[in-house]
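Labels for the chains are A, B, C and D, by order of writing; each one numbers its residues from 1.
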């Protein structure tokens, strides 16, 4: 370290000497470059002032005493900035460790709470879920029933990041113990509602949408707990309709009833499920309209479901300048035959 | 902000003027204090050099051109430090947000995964569990059976912080569905072992110790999955013995058998369960010996169980200079009647 | 707005020329010493990016002088490889870690307004404005 | 080891005296200009803590001169209220956030060796050493 200091003090002096002789912009450019390398070598700002003092002493030995004293004054003023600069280094290391820890946790979350998109005859499924921070507070889950039915859960914890992800694990593990393929959507929400109400802070809310698709009957049965409304694309009329539901968010009171609904899904129809991270995108200062989401989906509707959701995500990612405001989850199911 | 700058530039000039006149230590003390307030007002280091230049110009108008140029050179060298200083501010805000998020998660972990120390006639229970980071990777759980028995689980995920805490939630929620008061310790470990093996990354290990105390028979039944050995204090002989067990850590292979053991607990006997955060304390460079833990426990053995564990923790906290290396969990049960 | 003055960036030496021009304009507008240095450093960073990553490019300066305020506007354009991951390039740490050394977050801090557009294999355009305090 | 020189800290003015003494000793030992300033700042922080939080106290200096290296050793002692949460006081952020302004993490950074002992209602003892480079 001392050797680096001596080298840099020499460099500084030489550059200053050149500047004093030429007074040209090139010397200023060179000291700017040098300062970047000083910072990388962990040289503190008060050390730079010291280099300046040394250089002045060597280049101008007959320098007025006044100037020498004034430089010592400046040096004293800089010591605190030197401490701050060291704290900055430490903070960068801590931040790096912390981010690394969260990375591991995020990856573990993927392992523990992840789900596989099932293969169901006659249906094309596309799913994308991207967290705003490193840990995802949106949750989704597929289950293929013994009777060939498809169960889809989608949930959103109010909040983002680590607390939301922790809360989500409670949902997942509770559901793990349910015989989902024989429970109805409203029964599942009922059960989860009681789990959440028992366990979770009153300030924490979880929205959820549970749907079951029965391929043999081409019917979709669903219930919602305050979740962002999904959409149904009617292929025959080429129109999108909002899937209207009633149902309180999970966890408010233990005895809430969840209405259950049913709809027919015809060939080429689509069902779109999402979280508010999709519909509450921002374009600069402006919130987008839900029609915009549908427009973008329509634009990519010719693609397979998975590519559709991927492209829609990319569109909104760019729109928000690569800074998601909330966890983004989008699922599209299309009946193919 | 500009007003603060003008005020501080004035302050700097006045202080420098005083220093140039008196050349005394008091002026240097005063500029040191001023620099702390400059930093709090977000004034950048290159701005300080600029204040110096202005002050020199005003106090020494006939200053040699050479010195002016040399100061401009120093200023140029400082710009990069100004950028770094601003990055430091931003990083502190980010760090603060991140820590806050983890705090919320830690508090949620307490809510979701917490357990209450039960009241069991004739037994005095003391428990303390302190995470090394904000989130606890050690887990413990009490259950009071319908037959008056006491079930105690203690687990340690290899690792610390957020990933470990996430993994722990899987243990907790799995156990939530077990009829613990009718399952034997080895059956519980068996079941958890399969859960962990199915779900968890091969690199992740969880150790666990499960014990059941049957107060009517004064018997302790227990099994261990690679957990840190506990200790048994024999009141009659005034001796500590290690509770030896065999059993693989959870999650290695799905078919591991967990031997189950039984011991009699006489009046005034103690059972000590802990994680390796206790036994692997460090005193400077030296790891402590397990005897030291027992010595400290002996030292406080006259106290009620809860105060005992609290004091033992404080002892090792001080020893490690207030920086825990691993999550610290210690439980002591004493049979009183 | 007054007419633009542009500097072509082909060789490392052109970075110095751009700095000089920018500093002169800044001085003319009335920026103080430390702001002149900050402007020169911002120009340096933008010009250096062109020099290092694109074949060639240009930095143009404009004086903005209206009712509300006076300032300098600089636009750095190149038809280089473009920036693939803008989010990552704008993430802090790029400035002083010496990573790829693009230093764009630093430019954003030195100036008052900052806009970045880039397309892979098409090029990059950075616009930055600093107002006289 | 040479004999100690101590300064009693009762009034704010004594902080200046402690700085002066420490700086003179540092100069005598052969510390360079910037290290002298760092030593003075460290002394300032320790003395200020005594002045602000304890009734009175003392800072003593020793010159360490042995085969291996030369350095200055400062010990700040007070019988004040003591520090309740040493972990928190030593956590970074205390130095420049202006929080309680104890600044002990800063002292730890300015010096090479640092030791802190404190007991609630008994007092505090900080020892710090800086070696000539």
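Convention: a residue touches a chain if its C-beta (ideal position, glycine included) is under 8 Å from a C-beta of that chain, and two chains touch if they have at least 3 such contacts.
Chain by chain, the UniProt names read as follows: A, B = Phosphoserine phosphatase RsbU; C, D = Serine/threonine-protein kinase RsbT.
All figures in this text were calculated on a predicted structure; none of them were measured in a lab.
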Centroid-based (C-alpha) most distant chain relative to subunit A: D
Between subunit C and subunit D, centroid-to-centroid distance (C-alpha), Å: 46
Approximate Å spacing (C-alpha centroids) for the pair subunit A, subunit C: 30
Subunit A residues counted as touching two or more neighbouring chains: 28, 32, 36, 39, 49, 72, 76, 79-80, 84, 87, 91-92
Subunit D: positions in contact with at least two other chains: 37, 40-41, 93, 96
Pairwise chain contacts, counting only pairs that touch as defined: A-B, A-C, A-D, B-C, B-D
Subunit D residues touching subunit A - in the complex, by the definition given at the top: 32-34, 37-38, 40-41, 92-93, 95-96, 105-106, 109-110, 133
Touching residues (chain side subunit B, partner subunit D) in the complex: 24-26, 28-29, 32, 36-37, 39-40, 92, 322-323
Parts of subunit A lying in touch with subunit D, wherever the complex brings them together: 2, 46-47, 49-50, 53, 72, 75-76, 79-80, 82-84, 86-87, 90-91
Subunit C residues within the subunit A interface of the complex: 15-17, 19-20, 23, 37, 40-41, 44, 85-87, 93, 96-98, 101
Footprint of subunit A on subunit B - complex, ascending: 12, 15-16, 19-20, 23, 27-28, 31-32, 34-36, 38-39, 45, 48-49, 52, 56, 60, 63, 66-67, 69-70, 73-74, 76-81, 84-85, 87-88, 91-92, 94-95, 98, 101-102, 104-105, 108-109, 111-112, 133, 159, 161-163, 165-167, 169-170, 173-174, 176-177, 199-201, 204
